[in-house]
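Attaching a single structure in structure tokens format; questions to follow.
Chain nomenclature is as follows: A, B and C, assigned in order of appearance, with residue numbering initiated at 1 for each chain independently.
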Amino acid sequence: MISPVLAGLAIFTYGPMLVSLFLSFTNDNAVSTPRFVGTANYRYLLTADPSFWVSVKVTSIYAGASVLLGLLASLSVALILNQDIPLRGLFRTLYYFPTLLPATASGVLWAWIFHPHDGVLNGTLRGLGWSQPPAWTQSPQWALPALVIMSVWGYGGAMVVFLAGLQDTPKHLHEAASLDGATSWKRFRAITWPDLTPIVFFNLTMSLISAIKAFDQVFAFGTSGPGVGGPARATLFYVLNLYEKAFGHFHMGLASAMAWILFGAIAVLTAVNFRLSRLWVKEGSA
Amino acid sequence: MKGSKLLAFAVAGLGLAVCLFPILWLFSTAFKPFGELFSNPTALIARHPRPENFVDVFRAFPFWRSFRNSCLVAALAVLGTLASALPAGYAFARLKTRGSNFVFILLVASLMLPGQITIVPVFRLFAALGMIDTYYPLVLPAWLGTNAFAVFLMRQFFLKLPEEMLEAARLDGAHEGKILCLVAAPLARPAIATIAIFAFLGSWNDLWGPLIYLNRDEKMTLMVSLMNFVGGSGTAQGTPWNLVMAGVVITVLPAFLLFAVFQKTFVAGISTTGLK
Amino acid sequence: MIEGLVSKFEASHRDIHIEIRAVPGNQYEAKIKTLVAAGEPPDVFECGDVTFPYLRPFVADLSVLAVRDKKEIDFEDYFPEIRTAFTIEGQIYFLPETFNVSLLYYNKALFREAHEPFPTANWSWDDYAAAATRLTRRASNHEVTVWGSTVTTGWWGEWLTLVHGAGGEFFNKDVTRCELDTPQAVQGLTFYRDTILKYGFAPAPGEGPSTGFRSDQVAMEFGGHTGEWKSYGQLPDLSWDIEALPKGPSGRRGGEISLEGLGVSKKSKELESAWQFVKFMSSKSSIKSYVAFGYPAVRRSIAAMPFYADQPPLNKKALAVAMDSAEPVPVSPDFMEIALDLVQPEIDRMLTDGESPQATAVRATEAANAFLKATTPDRPQ
């Protein structure tokens, strides 16, 4: 019964992983026979390719900013909704709505909203008196922040998880604490937060990895605007760079090297994340 | 209402307005005639709303064909996912086959792998098999249990089945396959629903796969079609954003509908994965 | 229009069937290479002198067939500059359907409103900049209502032309070294940046009207693309014409000439049929259809027809001047990748981030040379 899964893992996961490791040491370009070139690909990427470190920087900034802001926003909303306000179910549903949009559609929608000349954001800003609003999709400084904003918008999923976690926390502890005179902040720190930490950790890990792998929305956002990677490579995300190298120019060897570097980075990041979690995540529920 | 609750309600409402604005804007633009995109850029409601946009978008671009293609691919992907995840989840949960734990660990580990690390060799594999520009690359992996998440979920669910029920069936002489189909699976309906929904959306929303594997217009799925439309629809007057937004609305419909009908499943699915 | 021509071809060649596959322009290279990698290259595909270098390993040499059918093709009917462009090292690999040459586009109505004389073929960069500055109009809140000229970003159409105009080059003769760090090239890049930042007659990226020259708010367009002729013609309120580009300090106008045609795959099993189609699409009757649709004429016989002279743009003499002074695009399989992925981002930073043209040139050159060094062994034999 597990043979299909076994076959799948061999053919589509671990087998190709090993092949791509091999290819990363060749000059494969998909049309002629690959030739072994040793570490040339890695050396080019790490020392001579102007796009490599830019894409690392872009992806890191995006991942850091969007995860931080996104978790903050979704946690805040969850906390607010946890206050037993009326129509809470409806609120929860509606806040979740944006995540239903496929990343591609999101990218196109936001590219339109952020359109420097005809988009609604700049239209509103001009109406409010700002005569030279940022050129968003065309601006090297503002293209990435625009994508971060779009990403935070999609954190409804994390919010739902937080809310579920919050509702699990037994109410009587809170009541007892407030009877004792503890302020809401104290209550949060002592009771709510410890129980939340596993959930925060989960959301953090998942969002971080998916932010690092971001592709669909970035591709969609960029195609609706200027060229690949945006103006001055402002939105040249790591996976976008990989895609261009692999399927835009067929530098398969280089792309494979990029994929392995990505894998290494994610592995290290995950290990560090897990290690650090012992410092702040409450044991027991994970 | 208590003061703090009122405040919370107000803040939540404000946040919601900001959060939902882009979706409103999506619909707003989808109904605007082309001229109003420029003459009326910040108006939420068009002066002369134009539902014809939704018809025009089909004419401007082979949307209907792409829509059907996406349906086909997604359906096949869902079937494949369930066909491989059900037996695998059951086996991992209840059958003590040798080495199954090891395989399971490998499976879970694969969740950590970025898809990009396998794309180049897999692409070459499909090219060698002559399967480029077909739907095989988009569907075949699902049938071979590559949706590790689905397998994981099924296993979690099957772990909770009471052993006595299965023992009873075994004593009756049924072999494992029959037990799976007749006893375990019918109980797993909520898990199956969750998997089916997420597998469907995963395939429907996929851009990466179709972008890489599909070439011919006739084969294009909806997401790629949308991208082609935006990139290539520029007329003398510029990109017809109103038609583009109408197109986006259409791509988003299945997700919205599924959510509307299966809300509880959605929320339950997300919450449980998070809390586990 | 293409479908019309295909139907016409199939009607007279009953045994040949053509299947058209359209691909968005910016994905063309990727799609062709994917098809080749998958072992299924199309028999006939768009091939021009810009795309040819990376298509070279897959394109059939049509020279023998060309000589055999030369009476039918009538090579002398093509403009000499066009002929030179599609004869690569003495061989024929494709036949052209249309071409692009860099031109100066101007909005006649805006010129008249500003009482400016139309551009002439004798303009220098200074004349161009002065006129553009005078044509730029601002409203009372200092927002620009009419731009003197555009700035072309996203491809090399403008900046490379200006580099040439100043006497610089992108690469050396055999494209083994990038040469954008010479003083002349830097001068070209400086002028490019100055149109926005010093003179202020061109909008910064993202600032101007999203339809550019088509918006009727831009007085000139530097370089442009003949593929836009049709869309300009579709706008009834736009009255426009062309002139040859102004001469740069080195005396060169610097514009490019690049052809678009059809080539045949080396692996094609239908070489003869494919060749028939290629010949047809470049034949006199097909070229006439292209021209009627709005494209410039690659053949002299069509250019001589009265309807061509009456069709916008009217100043066809400028076209001849432009073709005469145009410079072919560097022949290198990596040209587009280097121009778009390595140089363009630096150019973007120069225009929006305030990077100096000198630093931009140096960084672009370094990146291009590192790339050439790393990938030259990559070339399929």
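As a convention for this text, contacts are C-beta pairs under 8 Å (C-beta built on N, C-alpha and C of every residue); 3 or more make two chains touch, one makes a residue touch a chain.
In this text, all values refer to a predicted model and were calculated from it rather than measured experimentally.
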| item | value |
| --- | --- |
| Centroid comparison with subunit A (C-alpha atoms), farthest chain | C |
| Result of counting contacting C-beta pairs for B-C and A-B, higher pair | A-B |
| Cα-centroid distance, subunit B relative to subunit C, in whole angstrom | 41 |
| Centre-of-Cα separation between subunit B and subunit A, whole angstrom | 18 |
| Residue list for subunit B, restricted to those that touch at least two other chains | 123-124, 127, 212, 231, 239 |
| For subunit A, residues contacting two or more additional chains | 30, 115, 118, 223, 247 |
| Per-residue multi-chain contacts in subunit C, two or more chains | 26, 34, 37, 210 |
| Subunit A - residues contacting subunit C, complex | 27, 29-32, 35, 37, 40, 44, 48-51, 54, 115-118, 131-132, 135-141, 223, 226-229, 231-233, 236, 244, 247-251 |
| Residues of subunit B that touch subunit A when the two form their complex | 1, 4-5, 8-9, 11-12, 15-16, 19-20, 22-23, 25-26, 29, 37-38, 41-42, 83-84, 87-88, 90-92, 95, 97, 100, 103, 106-107, 110, 112-125, 127, 141, 143-146, 151, 176-177, 180, 201, 204-205, 207-208, 211-212, 223, 226-227, 230-231, 239, 241, 244-245, 248, 251-252, 255-256, 259, 263, 266-267, 270-271, 273-275 |
| Residues of subunit C touching subunit B in the complex | 21-26, 31, 34-35, 37-40, 210-211, 214, 231-232, 234-235 |
| Interface residues, subunit C side, partner subunit A - complex | 26, 29-30, 33-34, 36-37, 57, 141-143, 153-154, 204-210, 337, 340-342, 344-346, 348-349, 352-353, 363, 367, 370-371, 373-375, 377-378, 380-381 |
| Residue numbers on subunit A that touch subunit B, as the complex places them | 1-2, 4-9, 11-17, 19-20, 23, 28, 30, 77, 80-81, 83-86, 91-98, 100-105, 108-113, 115, 118-120, 123-124, 127, 153, 157, 160-161, 164-165, 168, 199, 202-203, 209, 212-213, 215-216, 219-220, 223-224, 239, 242-243, 246-247, 252, 255-256, 258-260, 262-263, 266-267, 270, 285 |
